[in-house]
Amino acid sequence: MKIHEYQARNLFRKYGIPVPEGVVCHSVDEVKQKVSDEDKLRVVKAQVQVGGRGKAGGVKLATTKAEAVEKAKQILGMEIKGITVEKILVADAVDIEKEFYVGLINDRNTKSVTLMASAEGGVEIEEVAKVSPEKIIKMAIDPAMGLMAWQARKIALQLFNDPKQIRQAADIFVKLYALYIDTDSSLAEINPLVLTPDKQVLAIDGKMNFDDNALFRQKEIIAMREADENEQKEIEANAKGLSYIKLDGNIGCMVNGAGLAMATMDMIKLYGGDPANFLDIGGSSNPQKVVDAMNILLSDKNVNSVMINIFGGITRCDDVARGLVAALDIIKTEVPIVIRLSGTNAKEGLEIIKTTGLPVVETMSEAAKTAIELSISRK
Amino acid sequence: MSILINKDTKVIVQGITGRDGAFHTSKMKAYGTNIVGGISPGKGGQQVDGIPVFNTVAEAVKATGANASVIFVPAPFAGDAIMEASYAGVDLVICITEHVPVQDMIKVTPVLKKNGTKLVGANCPGLITPDECLIGILPGMIFKKGNVGLISRSGTLTYEVVNMLTENNLGQTTCVGIGGDSVSGLYFIDLLEMYENDPETEAVVVIGEIGGDAEEQAARFIKDKMTKPVVAFIAGQSAPPGKRMGHAGAIISSGAGTAEEKIKAFKAAGVPVAKEPREIPGLVKEKLGL
Amino acid sequence: MKIHEYQARNLFRKYGIPVPEGVVCHSVDEVKQKVSDEDKLRVVKAQVQVGGRGKAGGVKLATTKAEAVEKAKQILGMEIKGITVEKILVADAVDIEKEFYVGLINDRNTKSVTLMASAEGGVEIEEVAKVSPEKIIKMAIDPAMGLMAWQARKIALQLFNDPKQIRQAADIFVKLYALYIDTDSSLAEINPLVLTPDKQVLAIDGKMNFDDNALFRQKEIIAMREADENEQKEIEANAKGLSYIKLDGNIGCMVNGAGLAMATMDMIKLYGGDPANFLDIGGSSNPQKVVDAMNILLSDKNVNSVMINIFGGITRCDDVARGLVAALDIIKTEVPIVIRLSGTNAKEGLEIIKTTGLPVVETMSEAAKTAIELSISRK
Amino acid sequence: MSILINKDTKVIVQGITGRDGAFHTSKMKAYGTNIVGGISPGKGGQQVDGIPVFNTVAEAVKATGANASVIFVPAPFAGDAIMEASYAGVDLVICITEHVPVQDMIKVTPVLKKNGTKLVGANCPGLITPDECLIGILPGMIFKKGNVGLISRSGTLTYEVVNMLTENNLGQTTCVGIGGDSVSGLYFIDLLEMYENDPETEAVVVIGEIGGDAEEQAARFIKDKMTKPVVAFIAGQSAPPGKRMGHAGAIISSGAGTAEEKIKAFKAAGVPVAKEPREIPGLVKEKLGL
């Protein structure tokens, strides 16, 4: 789960990480109300959960309140990577002497939370990682001990020279780690972390993602969720025990198992087709799940054929087939469907499915080819 | 021979009285797995399907000499269940539970190391040494004893591939579903090393997917350390970046973890990569000169 | 630092440990206002930070509101071990099927937080420890891992039989540990933890102490401090860098160092005297500290002679002597004082002190004897 | 010979640029202690009193080969300073800082064990091997080289006793102030064992106080394992129960930790217990046949 920059800033503040003052506004009127009359340099930032908003014109400076209102007018409602800007952050701009990067991630290789820091702040860290990986300092954190102050200081010492700044930075690292752990975060970045000319260390921009599997114990984080339209669909699917991701193609797929679902998409592509989605219905033979899955799948108007790919394991194919038949009886659609059923009790399952009159095949390859053909014939 | 488990493996089930735990315990038992006990706090002394139930893992280990434990408890309690098994001295722990928080797995990691515990999973279908021992939720009937090892990050895709191997008369020594999470127990390299040292395994099939760089590491390991042939398949070639494809670990982040990179790494290590699953048996046969 | 039962209950509730409903009242009127008209069994409990209030009549049952008011009248204002009851807790009484004990302490020997639990609840755990130590289950907790759920369950399994109760109790243990760690507690007891006839596990009475050294990071806990008169004096002394404890004797002592201060008290007792206090002024030669110490010491009207016992270490005796002279110049008192000065530069120090005209001696034993003589002559 | 420290001990000072750190560093140096460096983050490269300052303990150890570190940082940071020293591989850490939270000391304990670090303190005056090495805030001039070992939970009371020993021509091998907190590093038994194994130590003085049962444990150890004579003193015979007598560890809780119990235990172990400090030199002489 992702949150907006302004929400990350609020969490930073709650944990004592210093951030410049700022207000979130949903309209130009709100900017007029909330921003003080004082002339000072402010930054108006689109609140969208995608990268590259600066390049897209979603971040603008303003020296007066009037100018801030003007910039807000420009940014509110603009589209950034297909997302409409509905909120902006109007924050005090600070003078910057130097920019740094600090972030925490769950590292697969060390199987630990890893702190990354760099004196190359303000740019995308992935770029730094590619061009000059030696400029990124990494430290794997022992989960039993947490980020100890002396370790945080060791990192800070590589970025700052002055004892006071070292202390400020180390303190921010320790607090960011506490925030990361307390909220079951999967990414917490301060980029840039800046040193101001008056020697304050501040967090200017922040990004936080959270572990979906841990949301059950993160009531406060869930409450922050502001999903866009596509994400909303994915969240609804999750609530029904399904895993759904919309893609740009026209062949819908419904598969049991995530790996098999990916392999199914790949195969459609391999044979020249274009998958419309990733959709994993999991291991149950419950007809309702198939109905829910089909409804979600068909809500995408690009879909002009559907491939159902089931491998029966512990759940036997005949059970799955009965579930499918029950579900297909409820679903009324013009979109052609091909069903592939394989694995345990496949023969019995195929017999049952035949009663639906739908095309039934035995292998994934056949199913993919059929789905592509059906799709082409519908164009 | 085989790796990790065989007919002498004594298995206990954590969460034996739960719906999934009870169902798969009977399946495992039916397959022939030596299930010696189950754990359900407060139900110690009872029996499930003729299997004695204990209050704690430590009690079960003491009474039965169990050396493997399979976990079916709900996600919020799975990390703790792994620790209980590890502190009780169980050698091999298999965590079937999906949706375990990453922080819980991270917390478990140094405990496993300290106690010398091997973990498979979480979010995995388990593992099987055909005709000897099945631990987890794998459909036993599609497996066949033989000389091919298999490691996979996926569930049903594994069954799909195993089914093809078996149909092509390529039986298996041990098949291990390592799970789809980003932070897991045993991984490709650990298992490749075991297969390399297992006299009976003649070839290994690796089923990877997008996310992380474990496949790249495996490719380097194969190139540097392995004498036995390996065949690979990578799922997720058509997956968009930044999206979690069902598995918590299957996500392409900032251009890293793509299928292309993984395929390239395997090919550079001399590992043939199947374009689609049905090519796998042929590639294995080719490598084995069959 | 100690807190009242009702404050411990509030902390329990904050951490999700179930406690019966209750209200704190400072007056009979408040009882009339806050307690509902409903007839039900309630318990009225004096809120004092000393043990044995039950035996002293500070805990009474009431079946109606009128009765609760009556009992409150009896308890409010009564004296328990020298402490006047200023607050009462009026709590719902619950039926009890069985009583248990659970507590956490910092164990010196294992150098860890140790959980103690017993099926012998409701009585003082020290009694159980003496009479039947085998009835107390102990578990040292690894600070790096905390109290793991399976460990809590292992303890709960020894107290309860039913899976649901085991889960409830283990959950309470884990929450109590979190509370203990988060608040830098040095003692957290639930006694009794009860099982009700309807199979709920509840905390009925609670006690919590906190590590004084950690209060700097426990703002919320400090805010709960409700010290009685004697404690107030000790707290004021602490604020001035002094360590003071009032005793019942009449010979005041002022010493540098806690061990030496204890040895000084012991020696006064050994020679037949009665120390009026423990007072450690620490290692500084700052005259203000001596003035503050003397003021605190003399505020005890029982004091009729004072023994100042200083051993010069790093701080040289001549420096200390100059500080003492400056201080004694400010302090005007009729109470006779004997000064002992020993250690580094003792000779030079003694020379300086002589200018005060006060009796000066070289050994602790002499000083103790002199102080006792001075005390007797003043009676 | 001596225990823990001698003329070859290389000492670094954590918090060397602080007021207390700087003051006592110059005192230690004047005594002859081999102070090889100090730590002050951000001040690496500077010098204090001719001593090089480093940013981290690890850097200081690497550059100087230091094997002991003395800590003068404020209480909120002391636990972390101990951990930094321990992870940097320092053998012996002496924490002078008082008022360190107990939880911080508890957190430090398994780290010390894992890294094989010995800790003296916190809240202690330090230790000294006369004429060779003084670490801490002890007044060097009252000590004298000789054959008596001394372990004490207190500061000035120790000086009082040492002063008497020295005046009675009873010099010391090593004197250790273990500190007055309830959870500390090295304690009576650890040190008694070292003295027992030190060829030069002929007798040991133990200065205990109320609180805990370390004296009782020491008495058992002396009875079971020690051949060398031990003389004891216990402070706090007149202390009331439930009150913390200055030292965090000096508190009688629920009838346990009283001076009476401790004195009884020592006497039962054949250890003479002085009624007042000035009896100590005589008891030592008696035991040594002087």
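A, B, C and D label the chains in the order they appear, each numbered from 1.
Simple rule for what comes next: a contact is a pair of C-beta atoms (placed from the backbone, for glycine too) under 8 Å apart; a residue touches a chain by one contact, two chains touch by 3 or more.
Owing to the predicted nature of the structure, the values given are computational and were not obtained by experimental measurement.
K.L.:
Stepping chain to touching chain, what's the minimum from chain B to chain D?
P.N.:
When the steps are counted carefully, the minimum from chain B to chain D is 2.
K.L.:
Look at the interfaces A-D and A-B and say which one is made up of more C-beta pairs in contact.
P.N.:
Pair with the higher count of C-beta contacts: A-B.
K.L.:
From the mean C-alpha coordinate of chain B to that of chain C, what's the distance rounded to whole Å?
P.N.:
Distance between chain centres, rounded to whole Å: 55 Å.
K.L.:
CA centre of chain C versus CA centre of chain D: separation in Å?
P.N.:
Computed value for the inter-centroid distance: 27 Å.
K.L.:
Enumerate the residues of chain B that touch no fewer than two other chains.
P.N.:
Nothing qualifies.
K.L.:
Which residues of chain A are in contact with two or more other chains?
P.N.:
Residues 144-145.
K.L.:
Sort the chain contact graph into one of these: line, ring, star, complete or other.
P.N.:
If you draw each chain as a dot and join those that touch, the picture is no line, ring, star or complete graph.
K.L.:
For this entry, which pairs of chains touch?
P.N.:
Pairs of chains that touch one another: A-B, A-C, A-D, B-C, C-D.
K.L.:
Applying the document's contact rule, which stretches of chain A touch chain D when the two form their complex?
P.N.:
So the residues of chain A in touch with chain D come to 145, 148-150, 153-154, 156-157, 160-167, 170.
K.L.:
Over in the complex, which chain C residues touch chain D? Could you list them?
P.N.:
106, 108-109, 111-113, 124, 126, 142-144, 181, 184, 186, 211-214, 216-217, 243, 245, 247, 255-263, 265-270, 275, 278, 280, 283, 311-314, 342-344, 363-365
K.L.:
Could you please specify the touching residues of chain C with respect to chain A in the complex?
P.N.:
Those in contact with chain A are residues 144-145.
K.L.:
Mind pulling up the chain D residues that touch chain C in the complex?
P.N.:
My answer: residues 24, 27, 75-76, 99-107, 109-110, 125, 137-139, 141-142, 152-160, 163, 180, 182-183, 207, 209-210, 212-214, 217, 233, 235-240, 243-250, 254-256, 259, 275-278.
K.L.:
What does chain B use to touch chain C in their complex?
P.N.:
Residue list for chain B touching chain C: 40-44, 55-58, 77, 80-81, 83-84, 87, 111.
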